[in-house]
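First chain written, first letter: the chains are A, B, C and D, and each begins at residue 1.
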């Protein structure tokens, strides 16, 4: 998982790129980078750390240029310390300047890597971004026009990806044929912006034009853009998890406002007959769900858990586990709201179950009589090969447990998940255009050898 | 404004003091300090900066001791750079070890200061904490028992204050006779905790015993506490602004859960007939109000503005003012919720009006048809001499403007404040026991010369 | 030990005060502070850490004012964490603004402290600076003129001290009647500077006027100064250790250039018949001694040990002790200079003997045939009560060992110290005007109860 | 210019690599990096900044592995901000793990770059290290053995270079056929170390085996090493500037202890008849020269300028230029040594002349009667294309000035350089085996088009 942005404008882009990353920070908080191009030279700065640690205003000033790409990254455990994988990646060859920022989980990364090693490229990172850049460059060197170089490259990629790139002062953006991950673009008076989520347009004062289509390549100058449909799939496979958890609620993805999807999911859950005194979100992710639940069920929306807005260092307190302590530092039950009450707690999902257990226990400790957990996703039973950092099947609480067993494990009075059908209906996109593999284990593309995929697919970028 | 905490326990207190400060961070983010006492020596560390910058785990380990006091401070402009004023303050005299942490706005600070200068104390800070410590020490040196020394000291103070102190291994806590500012205490199996707000008890796993009474001095050992009623006023003067803005919603202050007070205020506002498509809080402070508004009015609670959870550096974007930019970095309107809609926006208060103006303009820019501002406090027309950092009368938008004029200034379609009567009723504390001076200009204690008070009352601690 | 500076000028003094502290950094690297006064208000910033960590240019800009005092501090173990003791200390009373920076080891600090506690001052630090400030303030309040207040205060102090202070825009400087510690002053076109060592005048472009006399109080305005001889002792007691170790070689103290004193000491050592191939300093402290040794003995000056100019973090390497490692990180033997050679190593002093042992062993490991240690001080057999941080008698290697036993302990081939008479003669100040208590155990002032003095004398400031 | 190190051992190498870099810090202070390999995975961390800022002990612990390479880098202005060029560079291809750290100035970098672009490699840095890595990798992929891959690669490089690399758990080291830059190796009980200068062996407790020969490739396992002479030149071209300025005095380079070379140079300068009271180095670089000068001339070695050991931030003082101020912060003239004296000042070289001018002026200001500058190198009249960051011919003070004109420009009483013959003789290496191009403008390899070389040769690594 990561957040990407590309801008081409009549003025320097490092500031708006920084703003876009600020809006996309929830998609990656472990590293950040910005690359710009001023017509002659490419400038790059990237480092591990949160966005505000990596970039100061002084640093932004060292990145001149009218076009550029940027990225915030989440790093899988496996890639910790591999700082060479932080994007954007810059390349210069035969007078060309290429900067790429991609969020890509490729099925065929190994064979592409081998192929381009065979063609002479020596890889210095383990990221898919370098594979994609190598193909583009080889096509260009082979004589292809920039447009064709991109199209031919995209024809080679299998999997989930979105990307932005600048090549010699032109901005490119592309999204995989199934449209698994989100990408959209907008404009200001000064030029064009392509971003992972529409909230990054809002913050820069840009107007959303539309989503990048599945299988679409866009080519931007400051004044205009051209669309190339490089692939066409019968159906899309938009990631359901974006609507449930990943995306910011104020983003519009493939025509659906995430907040509204969550509100409708909450409303569906609210139809399950439940007697309770109040409905409370697990903040912040459960909020939109809970408002929908309350509206539908008539049970009053009252926050039973509140979040401390300050990020604290989490020291271990005597007699507490690290996770307990982290939960306690972030969430505070409102005693008088929950004491002797039947509480509906609405959360987005249950992955390992550990956090849910700590929350339920803490709410009980503050005196709740009954705790009715309501979950805005289906039980998660399969890992994701397309960028969501879910644990292995063994670690997923739902893989080998019935809902009743899960309920027991997390100490809840009752537990209800939304059904897959209701979930799809709530999102408002036809089931055949969604990827719900984490709920059902059926993937939109063939996963060649699932057992070894976790290793084969590089999820970093 | 500041947040204070004092703990006496069977084990080291630096960690729980840190946790308590973490929960109280909203009361002061510009400096932090912890002082501990191990039976022989006093340990102190304090510095400007946010809590998490000031204290690392290594630092906490250098502060041993079974009792201690701590503080997070907000610094008025006038005191910036006066690092000597950061609390706690430590004193050692005639074998005594005294550490004090107070949040005090004293009417008679100047005369007390002169008096104790006359008695031989040379002041090294401009804080009221040093005045209070000097009186305590003088009483002790004069032969008073510790208890009497505190009582006699408290008899001398006029104004609003809460304080915690350790003297030779005993913990003291006190609250002014009008109970203007909040202070409460609780216990664990290991001992006692006194804190500005009950949320700081929750985070440390302590159980709330009760509020410190107005005019009460409490004396704690690890095993027991004693209460001394050192003064009795006919009426209290609990600060209304704690319920409206200052305190965390999950705190219980003088028997009232802040969240519920806000919810009731919101419900009152919801009775004002308004036609609208949705009610949205201005996050985060407006949330509790808006849930009450929605429940009462039946207008659906839908967030029209969302908050970016990440704190960003705010660089000036071309063509934006600094404040505009700061608003844009923090708040994002949800276009599809507000486009062509009549929106009720609920906020806690309007002080200068600048932020409200930027919010209204931004929401309009995203397409709202009508914006109905609803405010959870009355118009603020008078400065506070008891610790709330309100600007001068000249800068307060409501001082010389009618509600209609304010509405026009902030570009809202309609604007409604709650009335003083409804506000008091919503909080649920009799009017005669509240201080609503900022709404009416009548102060619970005589302000000797209002014109010069801003200078005379040291608001820092 | 610490370094102090005071400046009064026609322009802002924070920059030259910073420069002065930079030149005095060898006198204290654990904390730094600057206080200024602009005619109306006093400004102060101080913090633990090295000078360059504590002050940035931005910070200096927040300290306006035409006069001020500053200090770099070394902290005794006993005072670590007592950040309240960092100087300057500021006081404001009855309209007066007093800032003091003193380096003081007082014999009668306890009784003075009690006395002024008795007079009503409540101490918030354990530093002598606060005692001195309290006396000054009490005298002023009692009606004394500023000049008399200082004189009466200085009459009360017994021990070693130097100090600078600003009181209401006038700069004061004083040195104890025995002149134990150094203090000198100079001028520029813009005003006057008082500093611990003359190097701090050089860096600011000031011209040395002279040393502050033992028992002298100086009072400075921008335009002129007045001298008050507040005490007169038959003899001085200038600290011999300043010439041997503490002061920078380029400082002139009480008329003697430290470098030259060291060179003459080295020359004396060079008269001891020794056959060797080269003479090398233990850098940096042994350099001046070794040049004198070489000139006298005719043995060539060739560096056998070189110093790494970069300060490194010292991590423990497998199989090394922390001190060994620290020695290795700093000093590197030059193999071809010492392999199979007889080497004279010249160092300033041997305190515990541990570092000398590591150096001798390391030089041997690099192949030296013989190592002749020559020491520029006498054996140190007694602790210092006047500010030099020597260990207890038990830890001093020379207390209960003959020179031969020390030689054996540090593995040297031969070992020679300079004699007390030669040392005194080399420094060039009459014996009766020097304090050589660390060499002989006889102190220039009565140490009331030596056993408990280490506790009684606060050495911090 | 940069410093490199490679280690293969029976235990983790990140600590000894750090120590080696600490000893080599004078060769590069703007960036640092360490790469390790544990038999399976490669680990890398590198960042801009001084060594001690880049690496903490925690960071070193994240770099496991029994072999690795490391580098400290100096960055030319042209490359500032090109953080992608910081070394080591890591590559992984067809199961191989390659890490390279080179210090290389190649004549044919452009053509090699083009050639390997033609062969399919897409460059992501502008560093020669990537060119070298690409050739190695291509040879390996083409079927060459690791040994042959290195040899064939080295056959392609024209220019000055030294390098270390790990390939699949074997350590390689190489030096150009002319041996322009230094590289040596040593061993401990645990394995082998290759480093830019022998001081980096001393600090890790390793024993110097010998210099890497010009044209030699060394291949190391933990237990043994193999030598491959891949090229043989009739003559060497060891950089004379290493002896004069670049290397640490305690390093032994190509059999010559740098300190001794400098001492002999100083002795030669001491033969020039000069009447003076003292000879003083310009610290630290002039020290060894000055000791030789004094021994030869009989003029006493007395430091007339002393260096402040603390690094300070250099703020501009009113009325001073930035460079003046920097000189004043670092160097302090010892007034009583130079007042009314004839002073010989010995320095290593004069490049632009600005610093010399400031030093001479400052020494005069402190009262020197005569200042005789003696320079341990010949006038520098030509730029270096092999790694020494000299300015252009226009900026070199000696290009178009006679010695007399230079003397006048820097305000010295007399000025003498060593002659080229004496310099060579003092170093003790035959003239035909030295590169003295900066003194004479004749380069040991054809510089194809000198005018454009500055651009063509990438000097960074």
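The rule is short, and it goes like this: contacts are C-beta pairs under 8 Å (C-beta built on N, C-alpha and C of every residue); 3 or more make two chains touch, one makes a residue touch a chain.
All figures in this text were calculated on a predicted structure; none of them were measured in a lab.
If you average the CA atoms of chain A and of chain B, the two centres end up 38 Å from each other. Averaging C-alpha coordinates per chain places the centre of chain B 60 Å away from that of chain D. Rounded to a whole number, the gap between the C-alpha centres of chain A and chain D is 47 angstrom.
Chain B has no residue in contact with two or more other chains. In terms of inter-chain touching, the protein chains here make up one closed cycle, each touching precisely two others. By the contact rule set out at the top, the touching chain pairs are A-B, A-D, B-C, C-D. Those residues of chain B that touch chain A in the shared complex are 11, 15-16, 18-19, 22-23, 25-26, 50-52, 55-57, 60, 199, 202-205, 208, 248-250, 252, 257, 259-260, 263, 284, 287-288, 291, 294-295, 300-303, 306, 308-313, 315, 317-318, 328-329, 332-337, 366. In the complex of the two chains, the chain A residues touching chain D come out as 43-47, 62, 80-84, 89-94, 98, 114, 116-124, 126, 130, 133-134, 137-138, 141.
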